[in-house]
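Take a look at these structures.
In the two complexes below, subunit A is the common chain; its partner is subunit B in one and subunit C in the other.
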Partner chain A sequence: MNFSLFYLSPELILALGGIAALFVGLASKSRKGFPWPEVFCLLVLAAALVPTIAMLTMGRVTSGTSIFGGIFAVDGLAMFFKIVALISTGIVTLISTDFFRRIRFHRGEYYALLIFATLAITTLAASADLIMIYLTLEFLSLTSYILAGYLKQDTKSNEAAVKYFLYGSIASAVMIYGMSLIYGLTGTTNIVEIASTFKVNPASYSLLYLAVVMLLAGFGYKIAMVPFHQWSPDVYEGAPTPVTAFLSVGSKAAGFAVLIRVFATGISTAILDWAGLIMVLSAVTMTVGNLVAIPQTNIKRMLAYSSIGQAGYLLLGVAAMAYSSIALPSVLLYIFAYTFTNLGAFAVVSMISTRIKSDYIRDYAGLIRRAPAAAVAMVFFMLSLAGIPPTAGFLGKFYIFAAAIQSGNSWLLALTIVAIINTIISVYYYMNVVRYMFFVKAKRIEPIEQPGIMNFVIGMTFAMTIIILVYAGPFISMAHISSGMFKGI
Partner chain B sequence: MIPLEWYLALAAVLFCTGIFGVLTRRNAIGILMGIELMLNAANINLVAFARYMHPTILTGHIFAIFVITIAAAEAAVGLAIIISIYRNIELINVDKINVMKW
Partner chain C sequence: MPFDLHSINLFDMGKQFVFTLTLQKISFLAVAFMTFASAVAVVTMKNIFHSLLFLVLTFLGVAGIYLLLSADFLAAVQVLVYIGAITVLIMFALMLTSKLMAKRVSQTMEQWIVALPVTLGILVVLIRLVVLNPWGMKAAPAGPTTGIIGTSLMTKYLLPFELASIVLLVAVVGAILLAKEDKSDDPS
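Showing the complex of A and B:
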């Protein structure tokens, strides 16, 4: 019993910390003094990170371990996504301290919601039961809706929240209908039991396919997969920039965690050949994301379509999971690289946009003179998102393509070619930002103030973006250890 | 006894009514009502399956209770968001909430 409480310790710390954060916020009303809510939020996240890393490295976690009668998995996949969620929320907290400095808002509640959203991601990554998946997915959605609409006076933030809410609830209503069908077919909600039931008596193909497509509506909405992506550009543009950073990394990673778990453990390829479906969705997602990103003039919208494109590459890795054993570690590695890169890019956008009061790419003109360090870091983030060395994005993309090619499946090979063409397209709009920053003459040339905390965030994400490629060994082995401790197909 | 298919058909009709409402309503609260219909269709499915296929296991009932609870939480958050936008632009017509597009 003590043991299972240790397994649950990150969640317990986050839950208690989130409640305590509300009181910390109450106690520190003054915006002048020491930033207690921010510091407290970071402390809670760090406290939850310690047992998570301990569990992953101490060998306490094995594949197939679960507590509470199999609804809460304690395996490598869950631990990996918990680490990603905790680190990314930590960085988002740092970005928030700068972004909200001049805006009147309820600080305590904001950081409490951020902690609760992280709690939702960590539990979602561990959920191995349809009821638990539905609950945690909705938990994450509800906190995200509020965060997206956090600037109550701002019409854009309002609009982002309304759109996010309406799309999100429709997607989750479709998903719950699909779940009810799967429950009807198997009589159980546990993912492992679903798999074993389907192996004994296979369900009718068309009904199962319908149920899976309905499930994909819910998961695909979280990862911004075409055709469930329409919310993302509007929400990314309208939401406060730190929240956008959170949605583009933490929330997306959570979607992939649940997608991988359900499709690798529950509805495996032996039951229903979903690889073809995922391949088609992957091709459409990356193509739509990358093509529509080209004409964007708002940098947050551009990054939204770019992150749709990134979801497409990741789906390629998910499809390869059916054929290749290195696909899952490559997906994890890609997510890890993407986390730091995308958060770095949003940190730069947040810092610059709050100071030049514009999100338009044309207003980034001449940034190399106004904020040289941020501009240089941004170049590397853009290179990493495009997958060009010497950056982490290259390693992630290389591994995913390698997994797809190694599988030897001709459809996956064709999809890899589509992905490479898409990568080339994406270079255009990523480098467009660089062109504005370096070669377009600025209307104003006074330097932009760079506060120490943002220098720290940008420097840290920049360092990680380089280190993950240059010193790749530990990160590759972490991805392999995590996926090794996950019982998949 | 009423056969299981009837319940499933009722749930399917209810789900389609909900989808229809979601797609045709232009009022945010109307869309919210459509979503509630879809959730209740899933609830009917869950309870009917639990009653007819696995009468001794309560998983389906428990699932339905959780769905109802979540629906309440969702309505609370959703209405709060709708109120906050109404305070700013005095409209809840989703066609008019279009500062951002493309």
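Showing the complex of A and C:
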């Protein structure tokens, strides 16, 4: 039991920190003076990051173990997603300090909710039991609804919260029905025991397939997978930009964490061949995301469709997991690269849009004169999202495509060709932003103020976007260490 | 002679068996019909308050089904939480919004023509799959479940049990945040 307390330490720190953050918010009502809620939020996240990294580097967790009788996995996969969640919430916190500078809002509660949302992701990443998965998914959704509607005076933010809530409740209702079917087939909710039960008594194929499709409704909603993506453009547009950044990275990563765990450990391909289904969904997701992104004029909507497209590439990696051992590390590497790239892009969008009071791409015209550093960084973020060197996105995409080709499966090969065509399509709308920033004449030319904190965030994400490619070794080995998974006692 | 006795016994047992099955069947059919009919009424009533009253009946029907499945604790929770708390909460919300109380509104919109075949299709697929396939699971022996549930909540499922309290905390904070009227002199 002594060990389990250490294994649980990131969650304990986050839970206590989140509750304490509510009081810190109460104590620092004044907007002037030291920004206690922000600093406290960052301290809590950093404190939770230390034991998480320690567990991953200690090497003990790579083989995988579990606490609480197998419902809470302590393995590389969980640690990886915890690290991604903690880092991305940290960056979102920094973006928030700038975004909410001139907006009246409940500050203490906002940062407490961010911490709780991170707690939801960290527990979700470690959940190895359907009850835990359902509870943590609902926890994450509930927190996200509140955060999406945080700008109460803004009708678009209200719309975002209500749409997200309605869509999310239906998706989780369908998912819990699928979970109940699996429980009915196996008599257990633990995904390791589910796997062992199915190996002894194979279930009826059609019934299990139905359950898997229903599970995918809940997971697919979190990762914005077509056809469960309709909420994402409206929510991304209406939610406060830092929250959009959180949804597009932390929340999406959480969806992939649970998807990977359930399909790799619980319902593996030996039990039900889901690779074909995921491949079809991957092709549809990336194609819809990339095609619909082209006509978008609002940069947040464009990034929403772009993130749907990114989910499609990641699903290609998930499908390749059925055939190739390097698929999982490459998916993780892609998620790591995508985290910094997308957060960097949203940092630029947040900084610019609060100052020019517009989210339209046409208002980014002439940005190279008005905010040169941000414009240059944005070019690299767009290149990285498109997967063009010299950026991290290239490495991620290269590894995923390599895993798909290495598997030797002809369907995966065909899907890789679809993905490459989609990449070429995506270059068009990513470079459209660059075209506006560099080559379209601006109506106004006065420079845009760049506060130090945003320079730091954009500079840091920019540096990571380059470093992950240039100095790839440690990141690749981290992805390999992290792909260790708890598969039973 | 032994043969006759045997057959009589079998006949008696069979008769008893048929009888108990029918009793269970009758109560199931009654409860299921009540649940289904009131659920239909919930989504068709023009007055939203009437919908709510039928919702109580639906929840009661679901509690009845839990009882028939010998899930006693679940049935009690269903009555306490759903009928006792949730519907009363909705009732308060309705009574406080006078606009909704008297209004007669249609619950269908023009998209029902598309929605009906889709939902019916899903229903047919679900029924076919769930009824025609073997489940392989045997029902647990009937008996009181409260103690078992309590033990597992305090041992194996301690973590989700504790986590649920944080979920509730977040829900409370969020409800206050979203419902609170922001005054212009609000300091934060």
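One rule holds in what follows: the second predicted complex is superposed on the first by the 481 of 489 C-alpha atoms of A that agree within 3 Å, B and C clash if a C-alpha of one lies under 4 Å from a C-alpha of the other, contacts with A are read in each partner's own complex, and residues count from 1 in each chain.
FYI, contacts are C-beta pairs under 8 Å (C-beta built on N, C-alpha and C of every residue); 3 or more make two chains touch, one makes a residue touch a chain.
The shown structure was predicted, so the numbers you read here are calculated from the model rather than taken from an experiment.
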(request) State whether A:Asp75 touches subunit B only (first), subunit C only (second), both chains, or neither. (result) neither
(message) Just checking: does A:Asp363 make contact with subunit B only, subunit C only, both, or neither of them? Give me first, second, both or neither.
(response) neither
(message) In the overlaid three-chain picture, which partner chain does A:Thr188 touch, first (subunit B) or second (subunit C), both, or neither?
(response) first
(request) With the two complexes superposed on chain A, say which partner A:Gly149 touches: subunit B (first), subunit C (second), both, or neither. (result) both
(message) For A:Ala15, using the defined touch cut-off, is the partner it touches subunit B, subunit C, both, or neither? Pick first, second, both or neither.
(response) second
(request) Tell me which partner A:Ile131 touches in the superposition: subunit B (first), subunit C (second), both or neither. (result) both
(request) Check whether A:Glu38 is in contact with subunit B, with subunit C, with both or with neither, and answer first, second, both or neither. (result) neither
(request) Once the structures are superposed on A, label A:Glu109 by its partner contacts, choosing first (subunit B), second (subunit C), both or neither. (result) second
(request) Name the chain, either subunit B or subunit C, that contacts more residues of subunit A. (result) C
(request) Return first, second, both or neither, reflecting whether A:Ser206 touches subunit B, subunit C, both chains, or no partner chain. (result) second
(message) Let me check the overlay on chain A: which residues of subunit A are in contact with subunit B and also with subunit C?
(response) 131, 135, 138, 142, 145-146, 149, 152-153, 161, 181, 184, 187
(request) Report the residues of subunit B in contact with subunit A in the complex, numbered from low to high. (result) 8, 11, 15, 18, 22, 28, 31-32, 35, 38-39, 41-43, 45-46, 49-50, 53-54, 57, 59-60, 62-63, 66-67, 70, 73-74, 77-78, 80-82, 84-85, 87-89, 94, 97-102
(request) Using the touch rule from the top, collect the residues of subunit C that touch subunit A in their complex. (result) 125-126, 129-130, 133-137, 155-160, 163-164, 166-167, 169-171, 173-174, 177-178, 182, 186-188
(request) Quick one: which bits of subunit A touch subunit C in the complex? Just the residue numbers, please. (result) 15, 18-19, 22, 25, 29-31, 68-69, 71-72, 104-109, 112-113, 116, 119, 123, 129, 131-132, 135-136, 138-139, 142-143, 145-146, 149-150, 152-153, 161, 181, 184-187, 201, 203-204, 206-207, 210
(message) Touching residues of subunit A toward subunit B in the complex: what are they?
(response) 130-131, 134-135, 138, 142, 145-146, 149, 152-153, 155-156, 158-163, 165-166, 169-170, 173-174, 176-177, 179-181, 183-184, 187-189, 233-234, 237-238
